[in-house]
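Shown next, in structure tokens, is the structure this report addresses.
By written order: A, B and C. Residues from 1 in each chain.
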Amino acid sequence: MNDLLSIAAFNARYAQAIDSDALETWPAFFTEDCHYRITHVENEQDGLAAGIVYADSRAMLEDRIAALREANIYERQRYRHLLGLPLVTAQDGATTTASTPFLVVRIMATGQSEVFATGVYNDRFVREGDGLLLAERVAVCDSTVTDTLMALPL
Amino acid sequence: MNDLLSIAAFNARYAQAIDSDALETWPAFFTEDCHYRITHVENEQDGLAAGIVYADSRAMLEDRIAALREANIYERQRYRHLLGLPLVTAQDGATTTASTPFLVVRIMATGQSEVFATGVYNDRFVREGDGLLLAERVAVCDSTVTDTLMALPL
Amino acid sequence: MNDLLSIAAFNARYAQAIDSDALETWPAFFTEDCHYRITHVENEQDGLAAGIVYADSRAMLEDRIAALREANIYERQRYRHLLGLPLVTAQDGATTTASTPFLVVRIMATGQSEVFATGVYNDRFVREGDGLLLAERVAVCDSTVTDTLMALPL
């Protein structure tokens, strides 16, 4: 159960970083040569790797955040992540794979709240020192029409 | 706290089975002579046992899944369960009763996501071998008008 | 991890008390000289302490519940809390501070369910005897226009 709790605590910090607008801390949840992708369930089943958002290094995640800040069009929306418990699917030495369901509510400046995206994180964690880092996070959205192209990270 | 985590991990697997369309694995979360029911809060308070959906064996759950597959009208909708932590209410030998809040989002083929049902699972778990099985799960919906008659399991 | 689980279990009981309409048990989750506040993210960032709802004793919480029961306008709505895992931010002797994301769905008599509020609890827990009590809970809503003035507790 140790891994389950460590991953759940990691995910709580991850969600809080995004939802409290501490976006600059978000890339540090990943390894330097990480793989991060947002896709949807049909693309994933068809093996289409490109996804809606794609990055294969921590530097690309940092670029993404910089672009969001420059575009400056997100000051008026917020996200709130609600995460389920991780389902640990495999463990091998310092590597653990897990799946975690997510629900993201988007809160607009008008006060309207709506379910923006649901899905599952398919993750590969590696242990580095005392903590965990994401070597891979694939956010598989349940809906095929979620517009996450220019939005906050999931 | 051991039971709490075991039940939470069980529930994560249960939700994933439904939400990833592995419906044929769903009956195996229950004992052979299980009791499964979907009802709503007013019927439950009035002691009306029938509920919206009713099964008193694992075989009936298997029949239900077979019927869903034959009807084939669910290919174009998905569920996403978000579950709270279980509240362990009693423990006696190999039996543990617990209540767990749920929220189910329904994702339609159009891409629209909506809160489909909320409520609480009132459960009785039994320990069999290394794992847990549901001897009873009563899904008590908060709303009295949720149409779950012909839908995916909660 | 012990604190994380204790707080998560506390929060599960807290949510269940409200969502099962056992409102009279709600003040007992707090210390006698507690601080309870509902506010939103912009007020909180600006350091406006007043908030939407404000109480600085358990007696005030009891008064609030009594008023809700007398007003009797809430019999036809229910809440369902979905809570994330707590993020333990500090621990000092018998005191633990933590942040926990929440999502509250409101279920109207018509059967309509909507995301009523999302946000984060910023909490200070104290250990008393075998259990925990809230010395402070500030429910910071993500939306600036949530109408919680006369509603159930968050």
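The criterion applied here is as follows: a residue touches a chain if its C-beta (ideal position, glycine included) is under 8 Å from a C-beta of that chain, and two chains touch if they have at least 3 such contacts.
This structure is a prediction, so every number in the text was calculated from the model and none was measured.
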Rotation in the CA alignment of subunit B with subunit C, degrees, nearest 5
120
Taking all residue numbers used at the subunit A/subunit B interface, answer same if over half belong to both copies and different if under half do.
different
Could you give the separation in Å between the centres of subunit A and subunit B, each centre being the mean of its C-alpha atoms?
27
Multi-chain contacts only, two chains or more: what residues does subunit A have there?
5, 82, 103, 115
Residues of subunit C defined as touching subunit A within the complex
1, 4-5, 41, 82, 84-87, 99, 101, 103, 115, 117-120, 142-146
Considering only the defined contacts, which subunit A positions touch subunit C in the complex?
5, 8-9, 11-13, 15-16, 19-20, 78, 80-83, 103, 105, 107, 110-115
